[in-house]
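Residue numbering begins at 1 within each chain, and the chains themselves are lettered A, B, C and D in the order written.
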Amino acid sequence: MAELKSASPSSTPPATHAEHMDISGRDYRATSVAGLPALEEHGVGIDHKIPQDDAIQAQPDLAWSRIRHYLREPLAEFFGTFILIMFGDGVVAQVVLSGGANGEYQSITWGWGLGVMLGVYTAGISGAHLNPAVTFANCVFRKFPWRKFFPYMIAQILGAMVASAVVYANYKSAIDVFEGGRSFRTVPGYSETATAGIFCTYPAPFMTKTGQFFSEFIASAMLMFLIYALKDDGNIGAGPLTPLGLFFIIFGIGACFGWETGYAINLARDFGPRLVSYMLGYGHEVWSAGNYYFWVPMVAPFFGCTFGGWLYDMFLWTGESPINTPGAGLYRLAQPKRSVWSNTYQERRGQITHA
Amino acid sequence: MAELKSASPSSTPPATHAEHMDISGRDYRATSVAGLPALEEHGVGIDHKIPQDDAIQAQPDLAWSRIRHYLREPLAEFFGTFILIMFGDGVVAQVVLSGGANGEYQSITWGWGLGVMLGVYTAGISGAHLNPAVTFANCVFRKFPWRKFFPYMIAQILGAMVASAVVYANYKSAIDVFEGGRSFRTVPGYSETATAGIFCTYPAPFMTKTGQFFSEFIASAMLMFLIYALKDDGNIGAGPLTPLGLFFIIFGIGACFGWETGYAINLARDFGPRLVSYMLGYGHEVWSAGNYYFWVPMVAPFFGCTFGGWLYDMFLWTGESPINTPGAGLYRLAQPKRSVWSNTYQERRGQITHA
Amino acid sequence: MAELKSASPSSTPPATHAEHMDISGRDYRATSVAGLPALEEHGVGIDHKIPQDDAIQAQPDLAWSRIRHYLREPLAEFFGTFILIMFGDGVVAQVVLSGGANGEYQSITWGWGLGVMLGVYTAGISGAHLNPAVTFANCVFRKFPWRKFFPYMIAQILGAMVASAVVYANYKSAIDVFEGGRSFRTVPGYSETATAGIFCTYPAPFMTKTGQFFSEFIASAMLMFLIYALKDDGNIGAGPLTPLGLFFIIFGIGACFGWETGYAINLARDFGPRLVSYMLGYGHEVWSAGNYYFWVPMVAPFFGCTFGGWLYDMFLWTGESPINTPGAGLYRLAQPKRSVWSNTYQERRGQITHA
Amino acid sequence: MAELKSASPSSTPPATHAEHMDISGRDYRATSVAGLPALEEHGVGIDHKIPQDDAIQAQPDLAWSRIRHYLREPLAEFFGTFILIMFGDGVVAQVVLSGGANGEYQSITWGWGLGVMLGVYTAGISGAHLNPAVTFANCVFRKFPWRKFFPYMIAQILGAMVASAVVYANYKSAIDVFEGGRSFRTVPGYSETATAGIFCTYPAPFMTKTGQFFSEFIASAMLMFLIYALKDDGNIGAGPLTPLGLFFIIFGIGACFGWETGYAINLARDFGPRLVSYMLGYGHEVWSAGNYYFWVPMVAPFFGCTFGGWLYDMFLWTGESPINTPGAGLYRLAQPKRSVWSNTYQERRGQITHA
């Protein structure tokens, strides 16, 4: 997790902390620059957040409180994605391994839907992206700091990996029974009793590579477009119902676009557990299945989410966005300057001026 | 989309824009007359809307911002209906093409229910009608401007058409497999492996024409009656839960009145995708099936929604309505004057007086 | 509907109306005595109601506005129960007649749950009882005026009757097909293709009379206990989520206590449609089936709801209730005086004093 | 229920009551010390509670009001757990006894989910723990008074016992039919027509003891972690949607981790009904089944909930918690003093000082 700390300044004088303690939660963002990185509020569902950092700083001498402060956002993404995959991979395990007796296809749409919903409640601190492609689109369209992109992505992947390992541990006996023995671990398309589909997605056999990509692209675009709709207070806006709205979005994508490729729509959700299943002995087929399908749910969501975000900003969003700049944001492409492209550049200027 | 612009004045002086920028969102409607068409707040779920036009006008020189301003409402209806049909046609495709393995009848009620819910979140800007019959009833009972009826209807139909084409593209391989080949595209009642039912509705074989009409009429009346109930703040009123309430309304209509005719209850939802399926080669049967059923879901919803709206206004609604005028609105029929029938006439008078 | 008007004074001077117009919605109840019966706020989900009577009274000369004012509460109960039965009987019709192809048992729990939820949104004006046993319990425990009991019950029964007739009309062709012809109309237990179960409940064959009564009693007690829990602001209280909470209550009763007797738990829901099915030609068996079961869902809910309300008031409720009087309300039984038993007596005293 | 009263002082002078009556609900907690035990606000979903004690004290002479005041919290836990088990055991009974005709596995996840949700609405007064392991974790992490632990646990167990007896009474005829006679009462694994699974959980046959424990441990940890997430207002926080959030948590645990051990995750839910089923004649097998499985759902939830609570506090919670003290709470272990470990010690000091 060393990389996760790279986003933070390396030394923070205790004196600054003392100052920080006097400041109410509301003014927190402006002052946290003094020594602590700001926790920007972006992404899903945290409009009404009341920062609780004063509680942390009540014990500024505690080593763990200080360490945790810098890891606060990656930790939130880690646990949010962990919860998502616990429920998501868990429900597939239960449905597959019980042979449909303790669940059916609709249970899977429930499990992933509520996994996202409860993951969002868990990770509100960090904006609850839970998906590198959502983080990416927020960097492009909603001024989410680019320097946070990799820490977020790594935290999301690690959360997904740990969760899929826990699901494996929990269902190990049942997998042994289902596969016919301890030494069998097989991948869909290579066996009638394959269980690798518990962990990551495998496409339906009739899909072409183009079809696979298109399906993931469309589902990711829907995801991002609808997240921006729920979060748009100039529209109806879901407000505190946003996590519930996400339940319906994910349920809907699963019920309507989930058959062909298993609606991964998320690099962390698919690559993390896939890597774990490879480490657990499911063999090289986890990569080669579906004509080397594995890269599609890694790449397509970035294109899909960016397209979905662009679609919303281009046609419906009227708030701040690169699309609402001259040339619908295209003039930017000719200006490779930090002042134009950085999401944090102007903020810093402003803060220095105030200081 | 040329027609969509016809509702807007042809020239808007920039000076007016500058004035407009000073005005807070709350006073927006009174002043927007100066050069820009007002975005009336009617229909589903936009009680707590905060207009975001200042954000647009922050860049009044941007061509796209200005164009988009005039197309704002049709664009919202377009995308709202697009989302509705993406989920609605998508779920039917998944259930039909997977042979029930990845969904069942109840999944279809989920898909349409959440499609409407998420479409409403998308189209709050325009009142989220998503249905020409709802727009019509709002014109009759809720002073929605008649001049917006056709732009709305066209935007709704186009949104439905584009969405059904995307669903087709996404499920093309699966349709080929299901129909038995690329050249087969068949309609329910003419083939065991028909897939035309993915796009639009076909009635159960035992239905008479009267039964078809009655079923669509009843379901549409329930829809409009309940929308007005959810929106009636003199009653309980669903407030920010309105989109969720619509999920339950559509789920309920599908579960309780969905079998006989497929609960189209919406010209845009049925005619748009039907036309696309015809263009895609499903043949003349898309029109002739069910004894030329196709016109029923075009016509019956207008009668049904008007009846449902009348029922609510006649017996429960106490707010402003033609029903709450002398003769329960019937005297109006003898007065074919603009001052009586126009929904916007009096407002304009008032504004001129104020100016 | 003549009885429904009996609760209103027979003459209302126009002058009083004029006064009434000046009064804001908040003071409405105190003043409405002057000529119009008060619309008490009791029962389910109307805590945040804003009376809209000023809108009616804006046209005090309109005959219909005045008539409707007196019928406002019965009309709301009529339409609320109408909506409930439309969805409830509708979903049973669809599941039974389609042979399970377009729905399953769980669809039925959905249909009744959302039927109640949407019926509550419709009937908020009158407290949304939708059930004579709920009205009765509110008279006993929540000072709902006794004189409104019969108007409410009659409105509820009529709403249920009309709705079941509409469901019959909608599904007539399908019933003909299912029963095997126009002249067949059969009752569960007497035929393999019985359709009378669409309209009202028939118990499982192994049930004794005691078991039937106990099952309805328990389910009704749960209903009332939980309504009072949702409505208790000294507890968590469901507030604007009350209609959604009712969806879960009814869904739960259907999923957990719905098999043995069909969870009628409501005289209006069961007797009204049973009468209609008798009138439609289902024969004397609608009464004799299940060893003359028909009276159980008429009687048991009154006992059950009263017990459930008593349970909540006895052990959890701390607000005003006869239970929270000396002897836990038992001293009252020795005092058959109007001043003790009438729910409206004291209020009138107060009002006369003020006048 | 004698133990339940042990938490209360033995004498309360009426004079103090009179004082108490003058005090508004908001100041209630500080003053209730004068004679009545405080009702701390901890646990699930009671952030916006308005104490209603003034209503009780309006009749301070009533014996029952005074008795009830002391039993208020245990009564709430009793009825909350009663509601939970009524729906939970009820839905299993209906699904099992109807042979899947009136419900399926998904119905069971619904039943338990909404049972918890409605139980929470019932028991908001006491914090709606409904689970001794949740009470325990609240004692450890959220300063819930240790002296209330046993009264809560006993009330929860009694509530579960009574509810399972009512479910038995309701389904007695159906159990007779299903088991093949009045004298047969069998346990899963010992008979094809076993019905003991209605009341408490029995593990899947392939599970090892370690697997059983791990499965219950994981599910309990998820439960507690997510409850703390929903209740964390420094995160998104579910606020008034908390009961609905719990529906999704329990539904999710049932759909994703419910197959192997039946997701008891609650001593009261499992041990109480198990004891009742033993008393009803299901034989010694209720204890010996699954290789004496019965102690697992008694013990594992305490470890699981404590771990889940620790996980949340360690990594995400920034409010008051033993984890946010020096050494992440480990220094405490070396200080076995009352001032360190008691959750109520400091409060009392403060109150004495104020007096």
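Basically, a contact is a pair of C-beta atoms (placed from the backbone, for glycine too) under 8 Å apart; a residue touches a chain by one contact, two chains touch by 3 or more.
What you see is a predicted model; the values in this text were computed from it and never measured.
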Starting from the defined contact criterion, work out which chains touch chain A and chain C both, please. B, D
Over half shared numbers or under half: where do the identical copies chain C and chain D land at their interface, same or different? different
How many degrees of rotation carry the C-alpha atoms of chain A onto those of chain D, rounded to the nearest 5? 90
Dist(centroid_CA(chain A), centroid_CA(chain B)) in Å evaluates to 33
Using mean CA coordinates as chain centres, what's the chain B-chain D distance in Å? 46
Going by the contact rule already set, what residues in chain C reach two or more other chains? 104, 106, 241, 244
Name the touching chain pairs, would you? A-B, A-D, B-C, C-D
Chain A - residues contacting chain B, complex: 104-106, 109, 204, 206-208, 211, 214-215, 218, 222, 225-226, 229-230, 233-239, 241, 244-245, 248-249, 251-252, 255-260, 311, 315-316, 318-320, 324-326, 328
Taking the complex as given, what residues does chain B use to touch chain A? 45-46, 48-53, 55-56, 58-59, 62, 64-65, 68, 75-76, 79, 83, 86-88, 90-91, 93-94, 97-98, 101-104, 106-107, 110-111, 114-115, 117-118, 120-122, 124-125, 128, 166, 169-174, 176-177, 240-241, 243-244, 247
